[in-house]
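A, B and C label the chains in the order they appear, each numbered from 1.
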Amino acid sequence: MALGKKKDDREVQTYMKTSPKTILLYVVIILFCIVVISPLVIVFSSSLRSPENQTSPLALFIEFTGVSYIRAFSNMNYPMQLINSIMTTVGSVLCIVVFATMAAYPIGRIKTKLARFLYFFFISGLIIPSQMVIVPIAQTLNRLGVPNTRFTPMIMFITCSLPFSVFLFSGFMKGLPVEIEESAYIDGASLPKRFTSIVFPLLQPAIISCVITQGLWIWNDYFYPMVFITKKAQYSLPVGMLQFLGDKENPAQWNVLFAACVLCALPLIIVFLALQKQFVNGIAAGAVKG
Amino acid sequence: MKKQVLFSLALAGAMTMSTAVTAMAYDHEAIENSGDITITMMVSGTAYENDFETEQLPALIKEKWPNVTLEVTKLPDDNYYTSLKTKLASGECPDLILTQPMYAGQNSCYALAEAGYLASLNDLDTVAGRQDLNSVTYDGDVVTSTSGVSILGTYYNKDLFAQAGIESEPQTWDEFLEDCQKLQDAGIQPIVMGDKDQYVLQFGLYQIAANEIYPKNPDFDVQLRSGETHFTDEGTWDKVLEMYKTLYDNKYIDASKSLGYGASQAITDFIDGKAAMTFDGSFNAAALTAEGAAGPFERGYFPIPGTEGVYTATCLSAGYSIYSGSEYIDQCKEILDYWQDGSSPVWQAHLGTGRIIATYGEGADTAPNYELFKPFIDLLNEGKGFYWCNQAWPAGTETEMEVLFSEMVGGQGTEVEDIVEGMQEKFEDLLED
Amino acid sequence: MQPKKKRKGNTSLIFTNKMYVFLIPALAMFLVFWIYPVLQLFYYSITNFNGINYDYEFVGLKNYAKVLSNGTLSNSLKNTMIYAVFTVVLSNVIGMAVAMALNTRIRFKGLFRTCAYFPALFSAIVVGFIWSYVYMPGAGMIGNLLTLIGLDGSAFNPLGNYKTALYAIAIVEIWKGFGTTMIIYLAGLQTVDESLLEAGRIDGCTEWQLIRKIKLPLISATVTINVILSVIAGLKAFDYSFIMTNGGPGKSTKTLMFQVYETAFTDMKMGRASAFSVMAFAFIIIITVLMLFYLNKREVEL
């Protein structure tokens, strides 16, 4: 909890003095960053080539053209898919936060075997990959009469996110002090009131962390939109990207795919750069309590 | 009409109602009598520039029938298969889907037809009278509308062949090996393959099988299913695998490299002039004829010659089927007939992509790369063309073959006899139930 | 957290059973859209369902017997274990080392953090493709570098080699995932009280002793969550076998989930794949629960 405060202290701190040891540290870190980033340079360099240029992607920056970007942009119908992606991601994440914090409340607070069982029950969902269960899921949706609309993938995103989110929130909740709630109880606050005005605000760091990790996953996931959306006008960006990937009989359009990938990651990169501090601290603060 | 139905029922016993009913012509005015309709279609592949399926086709259909909106989705094949299964399970399958002949792949038209998902296309105008549709006919019903053929062959770099002093395409297996040796002696990598994508092993092996197995016994695969023949039979698959292995033994294909190479990397090496040959399909012609680091050079395309004559792995390509649960079966039939009729703008546009090789219709011989493919089509017309082996096997048999073969050339101690035994075992296992 | 005697049932006045009402939306969704389909998968495991034809029959425990006898389980289990141990150890060690380096008072911390987190922003498909060029024999990125420093770059073929392919794809997983691990450690380290370290230094502890005796015990909760998350990710490994190697060369990179996928989709044996999944789930659950118990116990001890 002291985290927020500590951060402020750091604003005024001094940096380390230059000594051979610190220089070595910088060198190691910089080298490490180069190793980490260099494969991504390939993506960027290839995306600036024309789609037909099939020379090895390792010949970096041999051509500068926006053709691949234009192709990806128009073929994906970028503005439309961007809006779809934003709607799907924002909508799902909102529901996840509401449902998972609610579910974590009893699980994190009640100390009985039942609560402990429910905790493990949700966690068990973490370990089953969705590809395996997709056919039974489709049948279930069919039986319930849920048609394929833009909301169907959202249902699945929310469901699949519950194990992790409940795990995160209930873990975090266990570390929150109960005293405030106790006094609120004495003051006669109702359960919903206690949840919305005390618990939910206290969960904020974990919520940021949940929004970031789950948002990132939902933004990049193509699987559920691919199998559960029938209308092209409802596709999200990753599904649009898939069409450049190719198959055994049709080689991938790598340069266009890379351009599409940059276009798909661009909103994330912008958000990341703009909110970097909150982003990193958010993940950190939420996860550390788990 | 009723009498006729009863008659056929009595005659055929198990014949289904739908077969009897579809003996009538379908409603050729179905689209004209509908309001605004949206027809969905799902195929596998890559979206090219001015893509045929996702861009040209919907536009041309709209031009012909302004009240029809065709929505086409293109996915990479593994994703296509997963989507297809999921959409079938959720009862929301697109109206038109891409299916493969016989048992090939997970969109095999036989497997889908057996489960009752495909509408019969017997009453299509463009199907009537065609004799070449056996591999898309299930239980008396044509279930896939297809017109082109697909080829497996050997692309080669004519410049490099000339450099090594090779003057003509090899006509026998021994000549083929000699040519490889000449290339190697001239310091040229004879063949590049992207064996990291193990499916490319099929490109070479099926060509050899077309030479060594089917000419002697065209029913080899039918008999496999009935147990009369086996993969382990001497002089069949052991021979094919042994022949292909020779290429690795002599380093004509460098296993130490190829196992770490992807299919697209192999294509790049070929167009960059780093290797003289690669085994690939007609479907990859555009990529293989693109200009690479080696600049422009002339390509040739020949079938791997056999020990006793030249045959080719050329067969009917994948095509389009109508989902039996579709609301718009007759409308889809109108579209397919229009598409396949050999002179319509849709047909011409499809042909113009150079990704199908048509054996009939206007302008079939002016399609891009037609010169490359002509020798194969001639062989096919002479009755020397055979289907790709995996079309006759339950899906998964070829995977076992690929895995075991790459174990062998990767020096894991696997022998040819282990491969044929493994294939037989897997084949029987997959046929079970 | 509160000292409470073990008693059956909920005795808390404040946290009453009424609170379970809050669970309803999440539990309902989870049961209907996840647990029910999973149970259906269990049901398919005793049929010969092929994934498309719903006219299937019961075959009893035959699928289970087949999976156990045909060797696919033992091979994929072995691969998965190696993959999981390798990724868990390395991504945690690297993640922690980088976190500790970045937890010192250095400049450009934000920039370095961003670099480390960048790979996580890209989709696995693209990552897999790029790395196949990094690894490509001869002309690949690493191959070129090796040639540059005078080694034989063309002999470098990690994906084509039976012994190294599994580790090669595990490295890709680590590359993409260590940023998240690092950030979680960084957060843990920021909670470590500076005065404790100062006291340690005065007592003459070496840097290593400070890490071992003070930092590690204080961030043990962080270690638990990171290890569990990476164990689960490692055991579920699928993406890079699928995208980069297709399970090859041979069967050397077929993981549990890859094998399940192949059985279900390529071989069209949905029933058998279901039996396979059931056994894989059981296995993963056992491992995860054991690890949770062990790590929780350690946390308390430390």
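A few notes on this one:
One rule holds in what follows: contacts are C-beta pairs under 8 Å (C-beta built on N, C-alpha and C of every residue); 3 or more make two chains touch, one makes a residue touch a chain.
Keep in mind it's a predicted model, so treat the numbers as computed, not measured.
C-beta contact counts were set side by side for B-C and A-C; A-C has more. Ranking all chains by how far their C-alpha centres lie from the centre of chain C, first place goes to B. Between chain A and chain B, the centres computed from C-alpha atoms are 39 Å apart. Distance between chain B and chain C, defined via averaged C-alpha coordinates, is recorded as 38 Å. Annotation: 16 Å between the Cα-based centres of chain A and chain C.
In chain A, the residues that reach two or more other chains under the touch definition are 56, 131, 135-137, 139, 141, 222, 245, 252, 254.
Residue positions of chain B with contacts to 2 or more other chains are 78, 82, 85, 197, 199.
Among the residues of chain C, those in touch with two or more other chains are 51, 133.
The touching residues of chain C, when paired with chain A in their complex, are 1-2, 4, 8-10, 12-15, 17-23, 25-27, 29-30, 32-38, 40-41, 44, 51, 98, 101-102, 104-107, 110, 112-123, 125-127, 129-131, 133-134, 139-141, 144, 175, 180, 183-184, 186-188, 190-191, 221-222, 225, 232, 235-236, 238, 257, 260-261, 264, 270, 273, 277, 281, 284-285, 288-289. Taken together, the chain A residues at the contact with chain B in this complex read 51-52, 54-56, 71, 75, 131, 134-139, 141-142, 147-148, 222, 226-228, 230-232, 242-254. Residue ranges of chain B in contact with chain A, taken from their complex: 40, 44-49, 51, 54, 71, 73-80, 82-83, 85-87, 89-92, 94, 150, 197, 199, 263-264, 267-268, 271-272, 281, 283-284, 287, 290, 292-293, 355. The touching residues of chain B, when paired with chain C in their complex, are 78, 81-82, 85, 88, 106, 111-112, 114-115, 117, 195-199, 255-262, 265, 394-396, 399, 402-404, 406-407, 410-412, 414, 429-430, 433.
Only residues 2-3, 6-7, 13-16, 22, 25-26, 28-29, 32-33, 36-40, 42-43, 56-58, 98-100, 102-103, 105-107, 109-114, 118, 120, 122-129, 131-133, 135-137, 139-141, 144, 155-156, 158-160, 162-163, 166, 171, 174-175, 178, 181-182, 185, 191, 195, 213, 216, 220, 222, 238, 241, 245, 252, 254, 257-258, 261, 264-265, 268-269, 272-273, 276-277, 280-281, 283-285, 287-290 of chain A touch chain C when the two sit together in their complex.
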